[in-house]
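Below: one structure in structure tokens.
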Amino acid sequence: MLIVALAATLAAGISVGSERLSLFDLTESQRAILFDIRLPRVLLGACVGASLAIAGAALQALLRNPLAEPYLLGVSNGAALGTMLAFVFFEGSSFARPILAFAGAGVATFAVYQMARSRTGMNVERLVLSGVIVTTFLSSIIVLLTSVLEAAKLRGFTFWLLGDLSQATYEGFYLTFAAATVGTIVLSSQARALNLMMIGERDALDFGVEVGRVRLIIFGLASLLVGTAVAASGSVGYVGLIVPHLVRLAIGSDNRMVVPLSAFAGAIFVVLADTVARTAISPRELPVGAITALVGAPVFIYLLRRN
Amino acid sequence: MLSAYEISISYGNRDVVRGVSFDLRERRIIALIGPNGAGKTTLIKALNGTVPVSNGSIDLDGRRLDSYSRREIAQRIAVVAQENETKFPVTVLEYVLAGRFASGSAFGWESESDISIANEAISKCDLVKFGGRLMNELSGGERQRVVLARALATNARILLLDEPTANLDLEHQAMMFRLVRERCQTCRAAAMVITHDLNLAAEFADEVILLKNGQMFSYGGPEDVLTERNLNEVYNVQVLLDENPASGKVRVTTIF
Amino acid sequence: MLVTLAATALVLLSAGCGDTGPHGPLESEVRRSIVIDDLGRQVLIKRPLVRVISLAPSVTESVFAAGAGDRLVGVTTYCNFPAAAGSIEKIGDTQTPSIERIIALKPDIVLVSTASQLESFMQTLEQQSIAVYVTDPKGIGGVIENVRILGKLFGTDEQANKEAAGMEKRAALVDERINAGERPKVFVQISREPLFTIGKDSFLTEIVERAGGDAVTKGVPTAFPKLSKETALAMDPEVILLSDSEDNREPNEVFRSSKAVRNGRVYRINADIISRPGPRLVDALEQIAGFLHK
């Protein structure tokens, strides 16, 4: 059913934009608008949404915390910093961005993990706290960099940092599509183990889960997913937090269903948000991250109070 | 089935358990008793491989414990420990089905036989009316029984229980031990139980290990371990020992 | 005897009223007056204004054009024109000037543009009795008039008026040269990715129009909007002006089939002269007119 909804959303996204397009009889330039600009952007939005949503779902299960989110844990910021460094030092290369973003996300995740380890094993509270420390630390480096960089480069970044799909290319789409697909498949394969880990790390160990290995896989995948997403579109916030939550409210906590469904729901969410971002103040544009935050924050507060 | 030879377990520089040896054979129940901090929980954790031993060796079904994967261990040893509260909505059935993880495939969904095994464990623990409910809707004692059901659902032949009767009422305390003994006898299983209730230990255990400061103070049958002198030295209390008129087992009464 | 007393009294009185000696102008030579700045604020100044600080590159250029460049004792790190500005002491940049250094330089007046965050340091400067004058020239007419106003402020009227007259003449020449019939569609690209252009609140829009072009984005609100690529593509401009900076060397991808790119009518223009509301706006006007009407 969600697949149908996704198809519908994609179709809606494609048919709406700052320029009106008739469905048939497309002129040359209208075709260019559709295929060169709108289509890759909508497809990228879907993949970014899927990636961020399943990264969030997996991290929440792993850390046993419904509030775990790539952004809160510093993974997004690590990826953003990596992307910025790619931009500053490797301007020409289109490979540099996702690679450095992945590296940045990985480094941030590793830092959080190391900080949170203690003699008695991984403590969830410590992990979340370490995540906050790493996030804020990386945030300040990013702010420092944006202050020091010249005004010309600064302009582009401020917008991008808030989540911006306007630079969508087919390359970016292929990359995030690959990451999202790999991510969904691998995470779904670990879903049963995640179900156990959600209950408790000790329980998971006792009942046969190779906890260390699963943790590594999840962290690695989350870095990959968040890294490619951020490299393509900046930090789109709240997707990894809200989408899995809502999915769980609808169908329960079994990760074998939560993970794939979050992928679709995340795709829908971001495509919708981006459609608003593209058309609300047409012909000007808003950053898509602003829309997801506008929607996400109140939903988040509502969810917090329900608990 | 499960034997330990001169094992020591340390946290950093400190030896939490030292020189413990025992042999858990099929159809046997060993009670593990001792004051708080004596190292009982640590010992249990080492027995299923979640905590490493610094000295000595543990053998499971003829092979060294550390030669098994976690999945293989989970197929042979099931744990009943204090329950972790989860912030996610999990139903009782889902919780118990976790016990079938080690015998299934990682990708797959539970088979029909998995579900029927889980349901059987649920009914044995008197939880049938809670099957579809969420864990956090149950009381502490009810959740404790779910934890037992999960362990039973594994069909593992070794059960390790860490104070399984802590939150249970009288009816369910007796039920818990009876279930464990029944499992041991009908499935040729074995169990080691940490308990503070010396009378329950005397009633159900074939052997008792009395642990003090990480070392085995005494090891043997209940009548041999539960003596006035032992209990006085280890627990610092005066006790009165007599015979339980119903079962003939030793009965411990503390003199306050 | 009375005369002596009176004379002594007179001397004593006049000594009390005035500053003595070589540290500054005699009190009687300093004229206090109140002037109104471009925001309508009343600014109390003490003429002659000898030590001047500028907090924006556009202001620095205007002060030099008005003939008072030699009075500048402090400018921002981005003040790179004219060349003489390079040797003046730097006091930070427009957004974050060093208040301490400003105060240490003991200026008679501090000239700021509306790009500065006024509220944050106004109070401090006012407490030090330092006059703050805000300039906000609008369009070409505004900057020309601004040069005249600065001339009056600094007492360099002659040079300032001459400069202003020269600017007017050059602008008039442009007005004559353009062909009324031909108004090519012009897109000004400020940044390539993300795609930023000029909107109706930017003075550049007026300049493009005056130079004889049809600024395609003149209806878009705000001064520097981020434009949807679809709209940009549909605009199909005949001329593309690139503000010459590192992130803007080429037109955006969406323009690759546009008339401008196909006909090679893509021009680069110095970013400083089109981003500063100062005297070089006239240079910008001339250059753009030149591009549009070859």
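General remarks:
The chains carry the letters A, B and C, assigned in the order they are written, with residues numbered from 1 in each.
The rule is simple: a residue touches a chain if its C-beta (ideal position, glycine included) is under 8 Å from a C-beta of that chain, and two chains touch if they have at least 3 such contacts.
Because the structure is predicted, anything quoted here is derived from the model rather than measured.
Here the chain at the heart of the structure, going by C-alpha means, is A. The chain with its Cα centroid farthest from the Cα centroid of chain B is C.
Distance between chain centres (mean CA atoms), chain A to chain C: 43 Å. Note on chain placement: the centre of chain B and the centre of chain C lie 82 Å apart, centres being C-alpha means. Listing the residues of chain A that touch chain B in their complex gives 61, 64-66, 119, 188-190, 192-193, 195-196, 198-200, 202-203, 205-211, 248, 252-254, 256, 307. Here chain A touches chain C in the complex through residues 17-19, 28-29, 32-33, 36-38, 150, 152-153, 155-156, 159-160, 164, 166-167, 278, 282-285, going by the rule given at the top.
Interface of chain B with chain A (complex): residues 11-12, 48, 50, 69-71, 73-75, 78-79, 81, 84, 86-91, 94-95, 98-99, 101-102, 104, 106-109, 150, 154. By the touch criterion stated above, chain C contacts chain A in their complex at residues 190-191, 193-196, 220-222, 225-231, 233-234, 236, 245-248, 253-254, 257, 271.
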